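The structure under discussion is supplied below as structure tokens; questions concerning it will follow.
We just call them A, B, C, D, E and F in the order they show up, numbering each chain from 1.
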Amino acid sequence: MGEDLIEQYRIRSEPYYRATGNEIALYEAAYSVRMPLMLKGPTGCGKTRFVEHMAWRLGRPLVTVACNEDMTASDLIGRFLLDAEGTRWQDGPLTLAARHGAICYLDEIVEARQDTVVVIHPLTDTRRALPLEKKGELVRAHPDFQLVISYNPGYQSMMKDLKPSTKQRFGALDFDYPEHGVEAEIVAHESGVSLQLADKLVSIAERARNLKGHGLDEGISTRMLVYAGSLIVQGVDPLAACQMALVRPISDDPDMRDALDAAVATVF
Amino acid sequence: MGEDLIEQYRIRSEPYYRATGNEIALYEAAYSVRMPLMLKGPTGCGKTRFVEHMAWRLGRPLVTVACNEDMTASDLIGRFLLDAEGTRWQDGPLTLAARHGAICYLDEIVEARQDTVVVIHPLTDTRRALPLEKKGELVRAHPDFQLVISYNPGYQSMMKDLKPSTKQRFGALDFDYPEHGVEAEIVAHESGVSLQLADKLVSIAERARNLKGHGLDEGISTRMLVYAGSLIVQGVDPLAACQMALVRPISDDPDMRDALDAAVATVF
Amino acid sequence: MGEDLIEQYRIRSEPYYRATGNEIALYEAAYSVRMPLMLKGPTGCGKTRFVEHMAWRLGRPLVTVACNEDMTASDLIGRFLLDAEGTRWQDGPLTLAARHGAICYLDEIVEARQDTVVVIHPLTDTRRALPLEKKGELVRAHPDFQLVISYNPGYQSMMKDLKPSTKQRFGALDFDYPEHGVEAEIVAHESGVSLQLADKLVSIAERARNLKGHGLDEGISTRMLVYAGSLIVQGVDPLAACQMALVRPISDDPDMRDALDAAVATVF
Amino acid sequence: MGEDLIEQYRIRSEPYYRATGNEIALYEAAYSVRMPLMLKGPTGCGKTRFVEHMAWRLGRPLVTVACNEDMTASDLIGRFLLDAEGTRWQDGPLTLAARHGAICYLDEIVEARQDTVVVIHPLTDTRRALPLEKKGELVRAHPDFQLVISYNPGYQSMMKDLKPSTKQRFGALDFDYPEHGVEAEIVAHESGVSLQLADKLVSIAERARNLKGHGLDEGISTRMLVYAGSLIVQGVDPLAACQMALVRPISDDPDMRDALDAAVATVF
Amino acid sequence: MGEDLIEQYRIRSEPYYRATGNEIALYEAAYSVRMPLMLKGPTGCGKTRFVEHMAWRLGRPLVTVACNEDMTASDLIGRFLLDAEGTRWQDGPLTLAARHGAICYLDEIVEARQDTVVVIHPLTDTRRALPLEKKGELVRAHPDFQLVISYNPGYQSMMKDLKPSTKQRFGALDFDYPEHGVEAEIVAHESGVSLQLADKLVSIAERARNLKGHGLDEGISTRMLVYAGSLIVQGVDPLAACQMALVRPISDDPDMRDALDAAVATVF
Amino acid sequence: MGEDLIEQYRIRSEPYYRATGNEIALYEAAYSVRMPLMLKGPTGCGKTRFVEHMAWRLGRPLVTVACNEDMTASDLIGRFLLDAEGTRWQDGPLTLAARHGAICYLDEIVEARQDTVVVIHPLTDTRRALPLEKKGELVRAHPDFQLVISYNPGYQSMMKDLKPSTKQRFGALDFDYPEHGVEAEIVAHESGVSLQLADKLVSIAERARNLKGHGLDEGISTRMLVYAGSLIVQGVDPLAACQMALVRPISDDPDMRDALDAAVATVF
């Protein structure tokens, strides 16, 4: 039954991914020794897409968990459910992945409480085991299992950071928004706009990213450019599309909105 | 059974909505690419009515959730209930909407805890999936499903704001109270008072809105004007109706009450 | 079964209520358009009695809920109970009232957590619906249903106040202690003392109310005067009755007690 | 079954109580109109014994609840228990008392959370009803039911005090340690020491009570004197008995211990 | 069944206890009037052993509970467990002791939350009763039952102290580390080292105890000396044994470690 | 069944461990008197491996628990699970180990709440017993049972430290990173790189460890060097391997990264 379940997480067709360096080769080396990996980088720059691509390339199912403050260890590991014949154990996503050899991707791990984070420790050293204490079972990880986490250094603070004893259990790959031409290529491919229009959208994003830390928490991501492009393809006026997809979502401050609107107006 | 359930959320007759710009066309373009939308604006200016109108116009059921601080992820996603034959899974409103192709409207999303907000992430990127981790099911969203959230920038603060990684998953539409003539038309239509009397009520509201931030947290909304009109139609004296529906609910401060009473007295 | 249950909440005989203004007519107008109402005023001035009287006058059952900090949404809406045949849904007081056309009175609403307060929103706009998310049912309010809340502005603070988006869903009626003659009449009627003695008790209360904010959190309420009168009718010496019912309950501060005792001694 | 249960709380023999004023008559008057009562006074001065005595004198069972911070409303009201035939309702102590006409004594009420305190409101006004919201039952209080609470003004603070809306639902009786001769009589009666020795113990207590607020949180109570007397009756040396029962329990501060030891040494 | 259960807590052979004063006689007097007792003193000085010895001497079973912050009242009193025939009541350790006449020893009572502490009140006054509110039973304590608590004054603070209303329900006995010769005798007896070597170990402890409050939270306890002695008997070098059992466990501060190592080196 | 369960925790083959002092002899002496042990030292220096080695050497199963803030006493001790025949007791890892004579290793004990820590007390004194209060059973520890905890003094703070009453129940062994030659030997053995390359990696680590406390929370551990070596064996360029495994995981600070990169560049 677990085998049927894990098949849901298999990626059927190649996810589009445009490499920007040697990250594919480094991931493959890390996977070959099953080194746990930490992907660092800002929101919406392509970390999730990269893991999807690698899972497809390596032929492994991908179990993704969006971490959050109230996620408990049981949400990762599993729990007993009450059934007609009494209690039945239900593997959580981490156990499912460990048992059946999937890649388990814990997205935005710093959001989780440290007690939840700590349950991954025995899977990230030579033991590669996961004790299901409530069930009284010691799950030995499948040889194909790998653990990947994502981490946004921009959020990092004294209050929310991984413990050193967690960090050093992972190799790390840095991610950032792609360089101009590559990003335009991605936007054109994903939204359907022309490369020329995509180039303009990237220019707007680059101006906005320079405002990060000067009143903007985050710049405009590649994902947002794809949204703007999609609206334009639907016939929405480029100015209105950019306001709706790029400017209004990220700021309510009148001055910042003016600055962003000006960046849009310069280009269109 | 889910199909019967979702029919409860279908809107039978056209909800009255008076457009104030190109918001209907922009919503339709966004819906055609299933872009998640964020509606920004003050309390009682018509955001909820707009979504109801669009759901009716697009022929989609509308599942509305009033967000709050103690809403858990399970309140959105669903949970197991104990039954005569053991446990039975009960879809939460988000799962119900995703599975059956409704529009899911999360009202006042900033009230929810970030961990609850984060569960919408996989429904707002290209995956359009919702993992029911407790059930071990990966729900692929119905092609007609769309996610809409509302957001009151007036409440926004360091403590309660959406994370950048959430914000940039949405296109955004701004809302505000309608301009004078349009608002009077709405008040007359909804309460049954004459356009002339509705015009007076709107004048009172406009004076009160200028006091926002000077001792008033929020101005007088369109909804409150409709309440005042309804009382007048019931035969209540306009001064008493305005005190009961416009002044007393929003302030206990004697000076502010005097200022608001004066605004009422000037008009009637 | 719900019908039997709601009958428990029907008020059999006319509750004594002495009107002090046009509040009965205003309530009736509000009820005729089913406008949600907020009753504002100090503790023990007669808000609860007024709602009881109006429920009796309008022939509607009255479901009262004393709000508190730890009241959950489920305490208002209902929950599943485990039964011999599995789980059985139990309507909470708000659902009971909405379903069967009662007046639901939420006493001291500011005591409740905002997340609990927010569940009343869909019942207070044109939808007049209550989604029972755990049950997967959308309850349409009975045409006779009305929501009434009470609110003590004296407690209002930054920490505990209703959100503007809640406040503006209600019409508001102000209450205060009745004027001297009316209050004496009430005290005499309720306790059985002579009007002359009741007049003396009201005089004491008026002196104490002037001390509110000068070391007293609340003045002496009408209810406390009725208690004092009842003791006197039982043969307790008026001075001892006033100390026991009016002075000792509200202050432990020696100076304040002296001031209150002096007020009592002046009258008796 | 409830009738059998309540019989456990009936007081079989007269509890020793030495009146110090007109408190018995005042209590009887209050009980005859079923006025809720608040007993104020320091720890160990005889409040609990007084209620036991009055319950015996009035022939009513006495249900006592020691209040605490984590007591929930359900701990007072009752809850469903799972049984072979599904769920079974279990009355809490407050419901038990209200249903069967006992006196319900909530000891140290300020320790309870306000939300728990608030559940007593409908039992303390003219309604005399207790809504069991989870059970869907409205319990009308038995005609013999009375509510009594105790309250230690020494603990009272901004953080832990009763709300004015609670306080004014009660008549109040003040208690303090009895005057010298009466207290000696009580100590002799309860411990078995001679009146002469009891007199010495009371002298020690009086010196210690003068230190209250000067390094001691509470003085030496009547109960502690009874303990010391009991040890002396067992053959323990009076000095050792006083150290063990009067000094060591209330202070670890060397200077305070010296002062208390000196008070003991002066007497013996 | 409870009788079988309580037998587990009977102490079969005499626990070694070396009296240092009249504590055995005082305890016996207190037990003969069933006075609740509070044992005060630093960690590891023999309080637990003393209670074990007294329980053996008096022929009473001893139920020990290590108190902690998250211990609930149910952990002391008991709870319903779900069984094949529905729910079954399970006495907690306090109820077990009260019902069957054991001595109940609550170790480190200040660690417990006040609400948990308060459940012992009705067992510590003349009522000697324990209301099992969830079960609807009023347990009258067995005539042999006694309550003993331990208390470390060194931890006492504003945040964590017993309430005066709790403290004065107990007689108190002070404990401290035994004087030199007695402590050496104990160490020799318990570890098997010679009296001469035990004498050296005690000398080290005495030096360390002088450092308490000057960088050390607690001194070296008798228990730790027994550990060191045991290692020496196993053939470990005395210096290494003292580092492992006396120095390293209590400090990570290099200067403090040097001071303690010097104390060890002086002796060996 | 418990016997089958505990066999899962038996270590089949000798875990590689390179001793750096007399720690094996000291552990064996401590085990022979069943003294509870505390292993102190920085993250990733080999504490866990040492316990695995000792468990193998002593032929005892090893039950490891990664402690965390939200671990409850029940997570250690066990709980009742609902089954077809009602409730069934499930031993927690501590009970399992105590009952069947395993070594129980509580990793990073300071992470646990004090209330959870306190449950180990009765297992660490002469009683060697574990009361299962919910089950009403007193488990006497198996003669072979031993308790071991780990403790990172670098994390120690006022907020998170063991109580003195816990600390002094343990003997303590200090651990640190091995000296240069030994560490290179370990890295070569575990990763498969040459001793010469391992020597270079150790040099990088030593430079990084000097930065601890000057912007780095923890230095580079032996485990991280093994990761870097493994990547190099996979064909990754040494510079890229060191960045991925040694530099990027532990710092996001540009200056610190430069310093660490320089340390890498100097060596390769």
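Heads up, the rule we're going with is that contacts are C-beta pairs under 8 Å (C-beta built on N, C-alpha and C of every residue); 3 or more make two chains touch, one makes a residue touch a chain.
Per UniProt, the chains are A, B, C, D, E, F = CbbQ/NirQ/NorQ/GpvN family protein.
Not measured: the values here are computed from a predicted model.
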Fewest hops from subunit A to subunit E - one hop per pair of touching chains: 2
Proportion of interface numbers common to subunit D and subunit E (over half same, under half different): different
Subunit B and subunit F, separation of their C-alpha mean positions in angstrom: 52
Subunit B and subunit C, separation of their C-alpha mean positions in angstrom: 30
Rounded Å distance, subunit B centre to subunit E centre (Cα mean): 60
In subunit F, residues with contacts to at least two other chains: 82, 85
Residues of subunit F touching subunit A in the complex: 5, 8-9, 43-44, 48, 64-71, 75, 79, 81-85, 90-93, 96, 107-108, 111, 152, 217-218, 220-221, 223-224, 227, 230-231, 233-236, 240, 244-245, 248-250, 252
Subunit F - residues contacting subunit E, complex: 22, 25-26, 29-30, 32-33, 35, 38, 40, 72-73, 80, 82, 85-87, 113-116, 118-119, 121-122, 125, 131, 133-134, 136-138, 153, 156, 164-165, 167-174
